[in-house]
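The two complexes that follow have subunit A in common; it is paired with subunit B in the first and with subunit C in the second.
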Partner chain A sequence: MKIKSLDPRITRAKIDENTQEGVLNPMDHFQTYEVFEQKKRGTHHCHVGSVHAPSAEMAIIFAKEQYTRRGQCVNLWVVKTSDVMVTEYLDSDIFETTETKSYRDPNSYKVMDRIKAFKERQTEL
Partner chain B sequence: MEFTEKHVLGLKDLLYRMSDDLLILGHRNSEWTGLGPILEEDIAFSSMAQDKIGQSLALYQILQELGENEPDVVAFMRNAEAFHSCKMVELPIGEYDFSLVRHFYFDHQSAIRMDMLKDTVVEPLQMVARKFRGEIKYHTMHADTWMKILGAGSAKGKERMQKAILENAGLALGMFELSDYEVELSESGIFAGEQALKSTWIETVSQKLESFGFNVPDWDTVTPVYGGRKGEHTADLQPLLDEMTEVFRIDPAAEW
Partner chain C sequence: MYGNTYIENSEKQNKLTANEDPKKLAEFEARIAAGDKIEPHDWMPAEYRKQLVRMIEQHAHSEIIGSLPEGTWITRAPGFRRKLALMAKVQDEVGHAQLLYSAAETLGKSREDMLNDLIKGNSKYSNVFNYPALTWADSAVIAWLIDAGAIVNQLANSKGSYGPYVRALERICAEESFHLKYGHDNVVFLATGTPKQREMVQEALTRWWPPIMHFFGPSDKLSVHTEVLMRWKVKMGSNDDMRQTFLDMYVPKIWDLGLTLPDPNLKKNEETGKWDYTEPDWDEFKRVINGDGPCNKERLAVRRMAEEKGRWVRQAILKKDSQYVAPLS
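The block that comes next holds the complex of A and B.
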């Protein structure tokens, strides 16, 4: 028996009810590539998502349709997901800063004094 | 140069073959929506099918300026005999090897034809040819990338593609069936003609197929499948039109 569906596309495909063809095993999928999009020349590329693809070239083709169809884009990068080195969430404490490091915050820079002084002069006027 | 009646008929025939090809193949390719081999390809192929229908609309609009009916009527109210599309585009989607080879053959034809028309004396057509350049370039990149991957992939995949390449060569040559107005089209600077298009196309696809590792059809011995441009179609076109216009025909006067 062929699969009959209310969706004409499914019926048209004449798929046998007991078909084993085209059934994917968990590891049969293509690898994934991470996609980075550049909206304007000179700006940096931003990560926008990932695609399955058989090669980097094909990943670019797919990424164009998945991520740039709406909105501006001038350039794409794709990188194999497996080539991305990632930190462990367990180690996320390495990103914590202590209060005593406030000298690293931009508001500790000398230029802030000059900006403040400039603003004060502006209000005086 | 003043256009005579024959020039206008030639121009209309050119526009109908282009727009009908795009509408019919756009509809056929959209039948893969939801059934594509992987999600990403499903989206890409469907999106390109939509692009094709958009391109056909732009060409039907030029036809309307030339006195033909409005695009909806032209697209949805004609019977198969009135379509100038080649036979290759109306065939059912078959398996993915056929659909990909048809996409490869057709889109290179489309890219070269549009490139030839970028300097045509018909201004609105010139604008359409320039407007869709990027879109069509992407379509050929998509086709080429698949052909390249499958040419270098598994023996089974390559064999299926090779078979489809050779078996559909005659259908592909059917795209270049001569118009009754070849002389008028070329002397007026409207279009350099199907023969010139065919030569460039054969050169382009042969070089690409060879670089992807496929055997190139022996074009000189291939019998072209003609008829479509003159309204002779296979039994597959009318059912496609019936399905495509099913909703439209419920109430042709409805506002969408």
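The block that comes next holds the complex of A and C.
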């Protein structure tokens, strides 16, 4: 039986109520691309999510529809998910810093103490 | 819009975590208790993964199926501005489905498998969309109150523990603030209009009230299972709590317009601070969610048609060397 819908577009499509077609096969919805958005010039591109697309060109079109419907965007990047190399959260100790690296910390340089002591010694002389 | 979920409550706790490594489980629970998020490749209990896939997938299905009753009125929206706004809203809903499918994919289920489970009727979507939008006023009531209910759910879930779902929900909630305003604007326009317009919106509200009360799902059984899912921040509040929050926020706004709701027992109980209401008809809820509602067949048939008619286009543009990997986050 063909569907009679409140939506005239669906009635016009003459859809069979009991059709069992439509089942999807693997890759029917393509591979994924990761999307990076730059909100304004001078700022970093930031990762905002992913899209499914057959090519980078289509990924840009989908990313524009998906991620830039609101607010500001001046530039988009897409990159195949399979091309992204990522670290494991399990290995996140590689990012830990230690006390022995305090030479990288501006607060570890205390010149004022030394200058003050030096000046005190000068006046004593 | 539309995130309400039906968690299966059948399993016992010892079954839930029996096969899990106790040390890993303890670390996992400690991370969540500390307010930290779980990310796709982290260790997680099988039950956590299973329930999240089920929940996010149902949410995604609800978005694409939900755009059908609303889309019903695009061709006959009263005025060009409303037509544009409705198209924008429906586009948002379909976009939200995409975000949610991606979040679920990070847990290991492909988009094709999720869509197949939808069109074969193996997985659920929000029951409200098995009801028809009979008039323009119905689409206004959906845009205001179903979206309002969904926002209550989604704001709660956006405090959950799974990173990709939380990120998707944050974007979704931000976009839906327009839906709520748009829906309210449409309802107010009718409710402050001619007697005919008032009658139209009142009838739509009366029709939609039972599905709206169903929207948050039946009272949760106080089960060990629910307790575990709440501890894991998969489920963020009981169905009754969500329903109470919704009633608290919206019943006064509805009454303020001089509209009535078809439940003589609906009132705020001054002693308990909670809303009293007539228990919704959960037999009808179960009947409809299991396939026997006014629009179930149409909704799925339209979905199957969309996949089938788009197939040749997708095949024409598919590149032979494509290789699927799950999205990063």
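As a working rule, the second predicted complex is superposed on the first by the 81 of 125 C-alpha atoms of A that agree within 3 Å, B and C clash if a C-alpha of one lies under 4 Å from a C-alpha of the other, contacts with A are read in each partner's own complex, and residues count from 1 in each chain.
We adopt the following convention: a contact is a pair of C-beta atoms (placed from the backbone, for glycine too) under 8 Å apart; a residue touches a chain by one contact, two chains touch by 3 or more.
Note that the structure is a prediction, hence the values are computed from the model and not measured.
Chemist: Subunit B or subunit C: which reaches more residues on subunit A?
Modeler: C
Chemist: First (subunit B), second (subunit C), both or neither: which does A:E65 touch?
Modeler: both
Chemist: Is A:D113 in contact with subunit B, with subunit C, with both, or with neither (first, second, both, neither)?
Modeler: The answer is neither, since A:D113 touches no partner chain.
Chemist: For A:P54 in the superposed arrangement: first (subunit B), second (subunit C), both or neither?
Modeler: both
Chemist: After the superposition on A, what does A:A13 contact: first (subunit B), second (subunit C), both or neither?
Modeler: both
Chemist: Please indicate which partner A:E99 is in contact with in the superposed arrangement: first for subunit B, second for subunit C, both, or neither.
Modeler: Touch partners of A:E99: none, neither subunit B nor subunit C.
Chemist: Is A:F30 touching the first partner subunit B, the second partner subunit C, both, or neither of them?
Modeler: A:F30: touches subunit B and subunit C.
Chemist: Touching A:S5, do we find subunit B (first), subunit C (second), both, or neither?
Modeler: The answer is second: A:S5 touches subunit C but not subunit B.
Chemist: Where on subunit A do subunit B and subunit C both make contact?
Modeler: 7-10, 13, 29-30, 51-52, 54-55, 58, 65-66, 69
Chemist: Which part of subunit B faces subunit A closely enough to touch in the complex?
Modeler: 31, 33-35, 38-41, 43-44, 47, 92, 138, 141-142, 145-146, 148-149, 153, 243
Chemist: How about subunit A: which of its residues touch subunit C in the complex?
Modeler: Going through subunit A, the ones touching subunit C are 3, 5-10, 13, 15-32, 34, 47, 49-52, 54-55, 58, 65-66, 69-70, 81-82, 84, 86, 88-89.
Chemist: Per the contact definition, I'd like the list of subunit C residues that touch subunit A in the complex.
Modeler: Touch residues, subunit C against subunit A: 39, 41-42, 68, 71-72, 75, 88, 91-92, 95, 98-99, 102, 105, 110-112, 115-116, 119-120, 132-134, 167-168, 171, 174-175, 297-298, 301-308, 311, 314, 317-319, 322-329.
Chemist: Considering the complex alone, what residue numbers of subunit A touch subunit B?
Modeler: My answer: residues 7-10, 12-13, 29-30, 51-55, 57-58, 61-62, 64-66, 69.
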